[in-house]
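Going by the order they are written in, the chains are A, B, C and D; count residues from 1 in each one.
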Amino acid sequence: MNTIGKIFTFTGFGESHGAAIGGVIDGMPAGLKIDLDRVQHELDRRRPGQSLITTARRESDTVEILSGLFEGVTIGCPIGFIIRNENQHSQDYGQLRDAFRPSHADFTYTSKYGLRDYRGGGRSSARETATRVVAGAFARQALEQMGIKITAYTSQVGHIALDAPYPSLDLSLVDSNPVRCPDPAKAKEMEDYILDIKKEGDTIGGIVSCVITGAPAGLGEPVFGRLGARLAEAMMSINASKAFEYGMGFGGVSLRGSQVMDTFVPDGRGGIGIASNNSGGIQGGISNGEDIYFRVAFKPVATLMKDVPTVDSDGNVITLKARGRHDPCVIPRAVPIVEAMAAIVMLDAALLNRAARI
Amino acid sequence: MNTIGKIFTFTGFGESHGAAIGGVIDGMPAGLKIDLDRVQHELDRRRPGQSLITTARRESDTVEILSGLFEGVTIGCPIGFIIRNENQHSQDYGQLRDAFRPSHADFTYTSKYGLRDYRGGGRSSARETATRVVAGAFARQALEQMGIKITAYTSQVGHIALDAPYPSLDLSLVDSNPVRCPDPAKAKEMEDYILDIKKEGDTIGGIVSCVITGAPAGLGEPVFGRLGARLAEAMMSINASKAFEYGMGFGGVSLRGSQVMDTFVPDGRGGIGIASNNSGGIQGGISNGEDIYFRVAFKPVATLMKDVPTVDSDGNVITLKARGRHDPCVIPRAVPIVEAMAAIVMLDAALLNRAARI
Amino acid sequence: MNTIGKIFTFTGFGESHGAAIGGVIDGMPAGLKIDLDRVQHELDRRRPGQSLITTARRESDTVEILSGLFEGVTIGCPIGFIIRNENQHSQDYGQLRDAFRPSHADFTYTSKYGLRDYRGGGRSSARETATRVVAGAFARQALEQMGIKITAYTSQVGHIALDAPYPSLDLSLVDSNPVRCPDPAKAKEMEDYILDIKKEGDTIGGIVSCVITGAPAGLGEPVFGRLGARLAEAMMSINASKAFEYGMGFGGVSLRGSQVMDTFVPDGRGGIGIASNNSGGIQGGISNGEDIYFRVAFKPVATLMKDVPTVDSDGNVITLKARGRHDPCVIPRAVPIVEAMAAIVMLDAALLNRAARI
Amino acid sequence: MNTIGKIFTFTGFGESHGAAIGGVIDGMPAGLKIDLDRVQHELDRRRPGQSLITTARRESDTVEILSGLFEGVTIGCPIGFIIRNENQHSQDYGQLRDAFRPSHADFTYTSKYGLRDYRGGGRSSARETATRVVAGAFARQALEQMGIKITAYTSQVGHIALDAPYPSLDLSLVDSNPVRCPDPAKAKEMEDYILDIKKEGDTIGGIVSCVITGAPAGLGEPVFGRLGARLAEAMMSINASKAFEYGMGFGGVSLRGSQVMDTFVPDGRGGIGIASNNSGGIQGGISNGEDIYFRVAFKPVATLMKDVPTVDSDGNVITLKARGRHDPCVIPRAVPIVEAMAAIVMLDAALLNRAARI
């Protein structure tokens, strides 16, 4: 189950300390000139070591495209690619051979498979999300041809929340600070907070918000292919994500139907407009032409930079020494991952929709 | 895309005012004696007209099993079934032929397909969820054989929230009141509130919580088949759902890693235990043997019992008269639907897990 | 695995002696006016009891459409349907409770599932192919809108072969005789032969040929979705089929590359033509715009109208008495089934092809 | 559609003249020690340049495993791998930029995608089958743990056929000659014939036979997952394949039911045996415990070593010069490919079967 999507699909592979990670992008429509610099740019946004608030690990994360392009243009054939793993301090992980890190996947992988690659989490490491970013970078170039644009940003770190609704934000500022929050003052506050957390050897959670503009009405497939369900699945497949909401989400449950109703109105050009967008751009599982917006919650990173108690595989209590280099907060690096997964879902939906009518 | 699941699958069909709804349950393991009364009982829990706080529509919702059972036992063949639609006041819907109800799927279905069955929402109506309940009722009988049990309950209606964590609740009380809230006092409060809302012709949202006990460690498939992702997809495919969270969910984002860590401890029997369950029973996308718990938010029903303004397909402003019979709050009837979808996901995961090792 | 297809899919259910057979057609494009009489007509072509050379069983095989059509037009929603089983002489099958019929699926189903519905073969009976004919009848109405036409015919019964290539045949004569062979003289010969075989209580095999005209170049997906692979899968999923070939098939293996080459030539209208069609309309797994033609071999029916020796589930030798009513030769009734399966494959391919280019 | 399989899956990528070919093997059960030398050995059997009767192209075809193994053992995670392309005489293909080679995929790929990688056939080249051999080599090591063994061999080249049934052959001799025919005299005859054909610059077709032993009763899924259908799909997805048959195949159509019946008999050990195996080890789509055997026909290679007429993309008649290095007959190299595809299908079936019973 390392494949996502129906006709535009991505299949990933790779452990954090294996030779390489990579994947296969299938169903990419032919005839699209790909800007590979932009693909690499997305990877750079996710790369470790990009600022003081991310892990100090160094990986160049250089993607090598192996197939599917001819003279820079997609040819309808699968796009295979790899990213070599470079900065593997496997010796950091020796103590994990027989120990289960708390709140990690060590125990569950071993329960499921009877063994595991214990170096850096293996397949369960967020390292594999780099391959998703590559797939997403291809998808978004196709989406842009269709006028569909995806922008994510950090909207909460710990208790520090950016409460302003997205239309009031200048989303062009997202990458202007290391936190990827479009409000510079909040961004500074969040950054300082992450640095404090880091100093304590602790970690903190947060929320990524995402907005999709330009999607035409009609994307999404009833009933199990609802666009909200597909987005939820994609977001909840990201490491450390614990919650998803779109439109009014949890906040809408205490409101009345009469308060959240998105009334249809004349659009002033003889067509039909919608007076509000509490639905988050999706009604009955299908896009209605308004902006699609959603939020994804991420728990604090499970790896602390302090010693933690646990048990070994024989059930003996041991202490795990703080080792390795880890993010105090995944949110800034999660922003391009959320965008990538959204792009994968949206391109698949856009292509599927071509079969809706005779 | 009316199919969900990988090897245990459900494919549904049916519009609210067609001849029947139904579906095909495939991948049901052979050799299970099915209690059909319990299948019908689950349908009865979802049925309209069961109490004053649900719609007054009358449907007996009698399921007819057409295949897949022989002498009451599953034979490994697909289980086809239908539920006849009975109470179709199609005349109620005449005014909808050329109008789009606000916050409904009328506009998006028409945008996608160029036409729609305008009677009662057609395929976009929650009527089809009755077929999911049938599939879920089969799945849960298989799960029970494996010791896995699923219980959902109403944990919030409007602003009235049951904040107590599930282990402190007596979940055997869920069906003791029409709201399906295991706290009798809160249940009464919620019920009164729904009746007030109903009197005003308005509607209200809420939250369904769900607990899965007895799941062994090892269920869920990395990385796109993460158990949390599969549950999210399934829940977000339910009509009117807008948000999903498991474990600490959105609440966990403002906590520190050191606060939410689920420490491994000796279990006192020579094995390994876990001191807390902030992870919600899933780590790295795979069940860890602890209880799995999650919450699903539902928006207020879009159909009010008052006149609402909208536009017709020519863009003219019109008024939709209050017609039909609708739920003021979907939460009580959503409880068995959430359980059913959880059962479908869990059985699929349990069967897939059989292929994990050589 | 009772579903076939990628985005146009069919999911079937039903045993030969259960309450009903049926299925769900999903991914049917919206906006197509369906001629239900033609759907029923295809079922009538497959129906038992239609002539002296088919089984004497009587089933009206009346299809009841339950969803997916509104005012006779497809609406993009799944089409659920059932066909009630009527003529169930279950008492004919009492002796099969503990016995395995030779060359049937009794033994393999019991091996797989631990039990089986022994009445008339249950799910393994060709009765379920009636549901495929319904799905195919919908698919072919969509294909006709696209100019794609599918015609199958009986080309061999036992040793009696119609060797003439299909372009020399008048395919409008297929239904002019009970054998469904477009050459009236051969048809008579085949019919007489089947009657002789029937008199002896024996059965005989044969070959169905099929021609697809009007398919544009470009259908089929590399590499595992090759059109030839999809057709092969679909045909080999039909009961009693044992072989598939397209283009020159087995006959081409003893020819040289220079003999079978399909040379491109100017088409006289400034475009590109092909001088021959040894490839059978598919090159590199993708249609080339020429006719697609293939052949499917069916073994002789396993049920004889004479006593046969076998063993019971305890391994004792017993004699199975000739019972029930069976076809001496499946070929005439296989013709509409082959057409139906071809239609399902072709519509799926045609819809998938819409996503080929940006 | 570059993925095959349901829960054991293979996703391939790569064009003949791109940087590399490769793929992702997913669903490989954990805990299997892999012999990588044997994986490479299978690749060597498929490699070009292995004898005088194969193409003179030189590729070392060295597989690099990038993930999914830890200390040589499968860990349940996807196995990513690549094979670098080395011997790319792209200049050989300059003349193909605007021309369509007859009986190749040049025209159909261009029709479908609007453009193509014209170097050596791109994705439509049989080069990609090397990646299937890798996937198959993993699958067969898992199958061997289960006692299932797969052996293919050349049974016909042009008109030279090995008519002896497989049980009379010594299949250990398959690799004792470059043709991969287990009958040394026939092998010599075939080899000489291929050399003659090669001298003339022509090509010739042939047949690969395959036997699967040790498969338990119960593999295969009704009705669209019939084992015969899955094998047919897999075989017909191989380049240049045109026909598939199992058991008696086309030969059985002229026989009577009473002649081909596989009678159940006491096995002499208190169990059930089968007196013959005309069914080819599959009944009702499910394995019956007997040997599974089938045959795949391959057309003569489309690329001749002589000049051939064709048209360019403007419809002008041109002559294609004989260039490149090509196989006069694909059969010897197809043998390991057929085995690989059979292994992929069988492992998937074996794993799926674990979900058959409660």
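Methods note: a residue touches a chain if its C-beta (ideal position, glycine included) is under 8 Å from a C-beta of that chain, and two chains touch if they have at least 3 such contacts.
These numbers come from a predicted model, not from an experiment.
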item: Winner on C-beta contact pairs when C-D is weighed against A-D; value: C-D
item: Identity of the chain that, by mean CA position, is farthest from chain C; value: A
item: Averaged-CA centre spacing for the pair chain D and chain C, given as whole angstrom; value: 26
item: Distance from chain C to chain A - Cα centre to Cα centre, in angstrom; value: 45
item: Centre-to-centre distance between chain D and chain A (centres being mean Cα positions), rounded to whole Å; value: 39
item: Chain A: positions in contact with at least two other chains; value: 1-3, 6, 12, 27, 30-31, 76-77, 109, 112-114, 123, 222, 352, 356-357
item: Chain A-facing residues of chain C, complex; value: 6-8, 27, 29-32, 74, 76-77, 142, 145, 222, 351-352, 354-358
item: Chain A partner contacts - residues on chain B that touch it in the complex; value: 1-4, 6, 12, 100, 102-105, 107-109, 111-114, 121, 123-124, 128, 156, 158-159, 197, 202-207, 216-226, 228-237, 239, 241-250, 252-267, 270-272, 278-280, 282-289, 297-304, 306, 308-311, 313, 315-317, 352-353, 356-357
item: Parts of chain D lying in touch with chain A, wherever the complex brings them together; value: 1-3, 9, 11-15, 18-24, 26-27, 30-31, 64-68, 70, 73, 75-80, 82, 109, 112-117, 122-123
